[in-house]
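Pasting the structures here.
You will see chain A twice below: alongside chain B first, and alongside chain C after that.
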Partner chain A sequence: MSNVFIAFQANEDSRPVIEAILEDNPNAVSSASPAMVKIDCKDRLVIRRESIESRIGRSFDLQEIQLSLITLTGHLDEDDDQLTLSWKQ
Partner chain B sequence: MHIDLKTVKINPLRQTFANVADRLGGDKPASRYQEATLGLQPEANFHYRPTWDPGHELFDPSRTAIRMKDWYALKDPRQLYYGNWTMTRARQQDAMESNFDFVETRGLAATLPAELKSTALHLLLPLRHVAWGANMNNFSICAYGYGTAITAPSSFHAMDQLGIAQYLTRLGLLLAGPESLDIAKQAWLKQPEWQGLRHYVEDSFVLSDWFMLYVVQNFALDGLLYPLVYDRIVDDHLAMRNGSAVAMLTAFMTEWYGESAKWVDAQIKIAAAESPANRELLSEWTRTWRDRALSALVPVAAMALGEQAQAAADEVLGQFNSRAAKLGLSV
Partner chain C sequence: MDMEASKKKLGLKERYNHLTRGLDWETTYQPKEKVFPYTRYEGIKIHDWDKWEDPFRLTMDAYWKYQGEKEKKLYAIIDAFAQNNGHLGVSDARYINALKLFIQGVSPLEYMAHRGFAHVGRQFDGVSARIACQMQSVDELRHAQTQMHTVSNYNKYYNGMHSWRHWHDRVWYLSVPKSFFDDAMSGGPFEFVVAISFAFEYVLTNLLFVPFMSGAAYNGDMGTVTFGFSAQSDESRHMTLGLEIIKFILEQDPANVPIVQRWMDKWFWRGYKVLTLVSMMMDYMLPKKVMSWKEAWEIYGEQNGGALFNDLARYGIRKPKGWEQASIEKEHLSHQAWAVFYNYGAAALFHTWTPTEEDKDWLSAKYPDTFDRMYRPRFEYWEQQAKEGKRFYNGTLPMLCTTCQIPMFFTEPTDPTKICYRESDYQGDKYHFCSDHCKDIFDYEPEKYVQSWLPVHQIYQGNCFNPGVDPTAPGFDPLRAVLDFYHLNFGRDNLDFEGSEDQKNFAQWNGHGAVGA
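This part shows the complex of A and B:
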């Protein structure tokens, strides 16, 4: 198995998303580049709407991450509550 | 020619302001809400005591009987600061403009049954004076309160209430014309059904404890008035009788109440959890003013609901009591 990753522009909107990902995925490693934050995680990475909402204090549509999303790898499995990146076997 | 493109990473020397870092427990990236809130309350070097209140400093935590170790604990769960508050309200304003536009261009006002239209006007228009009272009271909380965490959202809340008064005014202009506003003002001043509520609002103007005023206005009165009038009467009773157009024109009020109640809940919950003394005070204020607000609202609700008003009010009261109990108050 190998890593999946997702990269965001480093800005005010993406910060709670990044914090939520790092908390929900203990194996995730973030690395900051100029104006970008890349998060690598072994095998599987999940973004949960609830974790983001608890940080920003309002309802959040997971599609909003597209506004600061740069790129991602892995197979995407997405519904209203969470977005999962993984390599299917 | 050969060009090498290189990126150079420049790390900022500091992640945030010192006054924010002090409260975050270290130099961490802070959200805009934190930067616009933490450490902003003036605390020292007030030269003179105000001539209008020599018993207190200009900004003084002892203007209320509520005691907090840290006034910044009263955070807003919505994380509103001026920037995102204006953006949120601007979006809602756009939606309301198109609602008004829809009702006007489709001639929906003319299709409302005459009796229902008159009920809506008699019930809703005098409420613009109540909303104005809420505007005054929240600015008073902002002026005399302590701690940016609660005073800043209070001023937003005050402007929201002014907006609500304006929407009610526009509703009157759209459904009936300018004279309806004069009629509503006379009803507010003279009609017996409104006098209990007017008495409540006018008494709230002279309260000197700003946290008590917060409970009286934002928790006790609005906590009963909005569910009763906008939820039970407008969205339910009137809408079922072909009055959906009215509900379109008050859509903001329902949405806004749902959002702002979260803020009110958080303030009361945090203050009550601080100490048993705070909890006692908040419970006592809630009990006293809740009963007064409810008895003032029943005759108002009866203008639309008739004999069912008491039952609807009791139901709203039940929900209010369980809300208060969840916040740690003994009611």
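This part shows the complex of A and C:
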């Protein structure tokens, strides 16, 4: 199987999102480059709305991540509660 | 349509379904194939357009809301940059040449993408596809505009950015990105989305934007980082859509597989050749370097592309032809490209230079198998020549590849000391190519590529002089006449960085405080 990845601008909006991803995906590995943070994860990566909300103390619309998203790979599936990236094989 | 009022807000999937499934209608007085005349002749078979979905499920209200927020953030920074003389904060004036290449070579493509998606957005039979293309068309227009606005703050102070729109249609090296997009625009709608949404956006765009913007950040260019990442947030959507498009086409009919595979072979190679410019930007033009082209290719090409094509194998899709060759060339690409621009530094609209001692050590470390052995001696020879007052400028026009339009400087995949030449005969004329893959592309559609506007041919045919110029006049200098036609300010826009007006001004302005009124 292969890695999926997602990268965000390094800023205050993305920090709780990155923290939530790293907690919810034990295999996720983050690496920092100038102005950006890239997270790699084997096979599958999940972003959960509730994990972000518990960090920021307000309701969060998952589409807000578009504001600091840089790039991603894998098949994407998004609904109101979570965003998943995965490879099928 | 009757809808029961419900107290609960609609979920994301329901909202998206209402937008993309409920708003279309069946035509009554014209058949579908006359309303959407372009979606059948390429041979792609679509049975159910409703299978096309945007995985982000973006609705129009959310689209405008988030795009508006992105713009507000970006323009706040552009203002701050302009108000605080942000241009003086970059690592070195050499860096600004990377921006020149960007506004000359990339921004016009954003505008072409805006036009291209507006065009195919009209042509597709399915609503989801049309909405996705509409959003992308607006995105691309935004990219072109924000790039112009950001770079205009540099254009006030530095050379090489003043007439980029004029240059895009005329200048020799800019015909490489221009012809790439013109080739896609003149294909059918399915070929266009495979070319741009999949091959370029999904497979290759990371190699353009991520190193460029990380490079801008590392070199202190706040404005460019911000427009770049603002655009890149849209690119994430475009990339995701690129993958969905491929899956959609492949799942609709097995007969689509060989057509798509051929397009992938072609468009991977076309896009990869355009990225030659990015490779030299990363390895030679950034004073503070983020990663080498070779490393970027390994991460975003080999690993990421490897995962992608592994996944697509279930449809019977294989890696594009040319994939292995790109991996062989990662050791050579940037060095060969920069050497050519150094040669033609009198005809380029940015400055060129030989790498510094520090640069050379970095290149040795990043390219231990090739730089010291094959490329360092060449740059040191030129460096010596320049020290002796004999800075080398090549005055002979190069032979171009008919397909990618790049000068024929690439070497044989099996022998990096030998230039790669390929040729085809068509209707009594001979056509030249830089590689097997460019030759294959031509051989499949020769009637298209014989029409290529090749800058060197056009110059020799006398089509690149200003009106009224008399080539028979005594002392006529054809190359200078071509540069006049380009609107190149000789001695300011071109030649070596050493001794340039940009270099002097940047040093002076940094030494004597703020510039301005």
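Quick note on the criterion: the second predicted complex is superposed on the first by the 88 of 89 C-alpha atoms of A that agree within 3 Å, B and C clash if a C-alpha of one lies under 4 Å from a C-alpha of the other, contacts with A are read in each partner's own complex, and residues count from 1 in each chain.
As a working rule, a contact is a pair of C-beta atoms (placed from the backbone, for glycine too) under 8 Å apart; a residue touches a chain by one contact, two chains touch by 3 or more.
Small disclaimer: the values here were computed from a predicted structure and weren't measured.
Of the two partner chains, chain B is the only one that A:12 touches; chain C does not reach it.
Once the two complexes are overlaid on the shared chain, A:76 sits against chain C while remaining clear of chain B. By the touch criterion stated above, A:34 is placed in contact with chain B and with chain C alike.
In the superposed model, C is the one of chain B and chain C that contacts more residues of chain A. With both structures placed on the common chain, the touch criterion links A:3 to chain C but leaves chain B unconnected.
Legend: residue contacts after superposition of the two complexes on their common chain; A:26 is shown touching neither chain B nor chain C.
Once the two complexes are laid over each other on the shared chain, residue contacts for A:87 go to chain C alone; chain B is not touched. Of the two partner chains, chain B is the only one that A:56 touches; chain C does not reach it. On chain A, the surface touched by chain B in one complex and the surface touched by chain C in the other have residues 33-34 in common.
Listed in rising order, the residues of chain B touching chain A in the complex are 7-10, 29, 31-32, 76-79. Residue ranges of chain A in contact with chain B, taken from their complex: 12, 15-16, 32-34, 56-58.
Against chain A, the residues of chain C that register as touching in their complex are 11-13, 55-58, 62, 66, 69-70, 73, 205-206, 209-210, 213-215, 217-218, 225, 229, 232-233, 235-237, 239-240, 243, 247, 290-291, 303-304, 306-308, 310-311, 313-314. Partner chain C is touched in their complex by these residues of chain A: 2-5, 7, 9, 33-36, 63-64, 66-80, 87-89.
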